[in-house]
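Residue numbering begins at 1 within each chain, and the chains themselves are lettered A, B, C and D in the order written.
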Amino acid sequence: MIAIQSLSKLYDNDCYGLNDVSLAIDQGEFVFLVGPSGSGKTTLFNVLHGRERPSSGRAQVLAYELTRLLADQLPVLRRDVGMIFQDYKLLPKRTVYENIAFVLQVLHYKRRRIHQLVHQVLDLVGLTNKAHDYPRALSGGEQQRICIARAIVHQPRILLADEPTGNLDPDTAWDIMQLLGKINQRKTTIIVATHDWRIVNKMRRRVVRLMNGSVVSDTIMGHYA
Amino acid sequence: MIAIQSLSKLYDNDCYGLNDVSLAIDQGEFVFLVGPSGSGKTTLFNVLHGRERPSSGRAQVLAYELTRLLADQLPVLRRDVGMIFQDYKLLPKRTVYENIAFVLQVLHYKRRRIHQLVHQVLDLVGLTNKAHDYPRALSGGEQQRICIARAIVHQPRILLADEPTGNLDPDTAWDIMQLLGKINQRKTTIIVATHDWRIVNKMRRRVVRLMNGSVVSDTIMGHYA
Amino acid sequence: MPSLFFFIREAAIGLRRSGLMTVLSLCTLAVSMLVLGFFLLFTVNVNNLADFFVSRLEIRVFFRDDITRRDKRDFHTVVQGFDTVREVEFVDKAVAWETLKQQYSGTQLTRYIDKNPLPDTMIIRVTDQTKIQAMVSKLETYTTVVDDIVYGGYITERIQLLSKWLRISGWGFNALLLLATLMIIVNTIRLTIMARHNEVEIMQLVGATRWFIRWPFVIEGFVLGVVGSTVSVVMLKFSYDAVAKYIQQQFPFMPLIFNSPILWWIYAGLFIIGTVLGVMGAYISISRTLE
Amino acid sequence: MPSLFFFIREAAIGLRRSGLMTVLSLCTLAVSMLVLGFFLLFTVNVNNLADFFVSRLEIRVFFRDDITRRDKRDFHTVVQGFDTVREVEFVDKAVAWETLKQQYSGTQLTRYIDKNPLPDTMIIRVTDQTKIQAMVSKLETYTTVVDDIVYGGYITERIQLLSKWLRISGWGFNALLLLATLMIIVNTIRLTIMARHNEVEIMQLVGATRWFIRWPFVIEGFVLGVVGSTVSVVMLKFSYDAVAKYIQQQFPFMPLIFNSPILWWIYAGLFIIGTVLGVMGAYISISRTLE
């Protein structure tokens, strides 16, 4: 599913975002990615999502070898790999509904089906009443939930969640985690980067810990000290 | 210091951001503002920072009556009221150093003094080595710390911190809170909006809880259930 | 495959929600097209005027009113006898009057004159402009037939030069203007799209293909082009008609271009240029942004 | 109070870091100024040309080479005798030759002709253009003194009309062009600054006063204006000189404007317009954004 071999990412400013990372994740796994600020979690996601080219090493996601991905393949990859961005990245000139619908339009869904799916997912994240607001009229946590809704609406095979509960209160955060767990049961592979040790400890899943761009521990049913 | 009387904020889309809030905060207090996503924490900060006009009620901050603030007074108010924004709001075309220095330039500090103060504050948040990077080259947590550094560099009399540790790992988050505590000891009034119940419970300060735009509890030495 | 209608709706949303930006680019586009259009009209009119002058470099013999057909025929034979004559044309006064009335139908001309004031005329074009004077001197001796003779004289070559110069510099300037319009429009659309590069980036991040992103922008460019050039063409037509009519009334004998197919060619050309530039500008800009 | 130097440095940072945007606005500015400049030059030249033609509507009597001073003086008395003569000017062939050589110093003219080819000339300006022909007929009879006579004839009034028309429409078009340039430049700078409105908002949020934010943008506008108009003026000067020289060589008798102060006025005017527009555009845009 995801196979990474001695992957490194050296940024232009001579800063290692990732340093010799090797990691294998099977289909249907649920993995927490933890580590201090600046340890490379987002960088790893960006590589898996085709936003950053690795400097060396290999990374395979589904059928795609990321080190030699063609420009045409990128959109196709991204339909299979949903991502919840740490900084949301919502389209500012589209309503909440349109932001989520866009992903389905890209996939050529029928209009009626789009309507149905978007309302379903808005209901899941509890924001049906905000459907026709613009992102700037939403609170931080609401934007975060919209971003989650957008990432899961088309049921991608892999879901990368970068700090999906950073701006949520504990109750909502736990609800969202439960939701991700439910999605995971449908064989969707999920990787969650988080600092929320309470959730990590409660969920008892595989935990990969990064530090300065390298994997320092990888434990099944791990916890966050 | 801060005196709010039956303050309401009704947004254009008929959504109450704040609903009849009354609150008094003395100089030198340290207050946690808690509540679920969308409860009005950011809205309250925006009103206190002069970004949003209240729809009704009164709000006094320092010597300024916010309901009839003149356009000229706004910049002056904002120099006394530092804010850490939930969505960072860093200038994208300026380096980390320039972003922080800008606040001091606005206050007409001398160049040498600016240099000294910026490096001091970068040291405090542990990002001296990122001084000459642009915000887009920083991780989420690093951007958050820069935003904190910018808000405290000129030692404002009031500091509004909106979710200042949402993207930080527990250790860094705790360090930042300690730092805010230290700043508070110098008589700076500090209000922190947060979802991090561990920190709230550990700090044992005044806790104001919002729900649907209204204050539902206000406890000294409170904790987050 | 999403329908064209879908992309059109997307384009409409983009244009509407970028509000002021759309208005600014539209204005810029219309203004530069308008300038180009005005100058094109100016050029064709100046060229027409110059042609008018050059073509008038001929000898016009006005016949006396009291002569017979026979006299005219005899005189014709005399003129044909000169070896420098290239062409002789006989204009009946009735025909001349009709032509004149038609040419200046927009003016007050015919309102005040109801009797034909024109004499029968013979127009002589020569093979060598330098021989005109000699010929005029000879023709002037036929006082029984000839009432008056007018001709160009030494100014001939100067006028031809002027005409040539105006033509060359006018079209040169038009080419420059076209280039400038092209640059301004493409730059403007580029700036408009660049301001939205974050939007484009986000679309790419959620898996949209290049063409999926490109289509609405290209359609936006098309709409900007069509609306901008329509506005400029309409403004151009009405203001040209007004100005030309005014000038015609002030100087009734000024040969301005009215109702000529060339005007329609210009209007159509402008419309096409605006549209093509809008589409091209959008296509180039969005492609650069997508890279 | 921060120094002007501080704001200039800020402006430089803004311009540099907005890279492509700066380049695009600069190009647009320069191009529209260039068009305005070219048309100004075109207009003054056409007007000059028209003046040239109108002023040439006079009778030129070329004397024979073999006559004496006395003959000329006698002839002068004869001409003065006509009641329609307004002015008589006598041009010595040596003086005429010098004037000509000076006027066309930029051309090949004097290289190939080293002997004065001009005759002594008398220029007669009349009080009534319609009487020219009659006078010419009379003067032509003095064959012992007169070698040749050239004059305008019936074209006179047409030329005057043409001149008037060209002048009016030329300046009208220039006014339109100025307006268009104004709009295009202001729009472009507006688009450029609008794309940075987030930046402006953040500055306001950290307590910057309006003027503190405004200054660097106004300076950016000033720099854009100065650089844009300098580029356009320099390009204009060099290309005008080249084109004018070429035309002069092709048509040596074409009265083009060279080294005239009017050129320097145009260049200076363009420079000032560009600069003022840059500053004004930036000031208006940033003020709107600040609201």
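In the analysis below, a contact is a pair of C-beta atoms (placed from the backbone, for glycine too) under 8 Å apart; a residue touches a chain by one contact, two chains touch by 3 or more.
None of the values given here were measured: they were computed from a predicted structure.
Peer 1: I'd like the Å distance between the centres of chain C and chain D, where a centre is the mean of that chain's Cα atoms.
Peer 2: 23
Peer 1: Where the centres are mean C-alpha positions, what is the separation of chain A from chain B, in Å?
Peer 2: 28
Peer 1: Using Cα averages as centroids, what's the distance between chain A and chain D in whole Å?
Peer 2: Distance between chain centres, rounded to whole Å: 65 Å.
Peer 1: List the centre-to-centre spacing of chain B and chain D in whole Å, with centres computed as mean CA coordinates.
Peer 2: It comes to 62 Å between the two C-alpha centres.
Peer 1: Classify the inter-chain contact topology: is it line, ring, star, complete, or other?
Peer 2: Contact pattern: a closed ring, each chain touching exactly two others.
Peer 1: Could you list each pair of chains that touch, in label order?
Peer 2: So the chains that touch one another pair up as A-B, A-C, B-D, C-D.
Peer 1: Would you tell me which residues of chain B are touching chain A in their complex?
Peer 2: So the residues of chain B touching chain A come out as 11, 13, 15, 34-38, 41-43, 86-87, 133, 137-142, 144-145, 162-163, 166-173, 195, 197-198, 224.
Peer 1: So in the complex, the part of chain A that touches chain C is made up of which residues?
Peer 2: Touch residues, chain A against chain C: 49, 51, 71-72, 74-79, 83, 85, 89-94, 98, 102-103, 105-108, 150.
Peer 1: Hey, which residues of chain D end up touching chain B in the complex?
Peer 2: 1-2, 6, 13-14, 17-18, 198-199, 201-210, 212
Peer 1: Report the residues of chain C in contact with chain D in the complex, numbered from low to high.
Peer 2: It comes out as residues 20-21, 24-25, 27-28, 31-32, 34-35, 38-39, 42, 46, 49, 53, 56, 150-155, 158-159, 161-162, 164-166, 169, 172-173, 176-177, 180, 183-184, 187-188, 190-192, 194-195, 243, 247, 251, 253-254.
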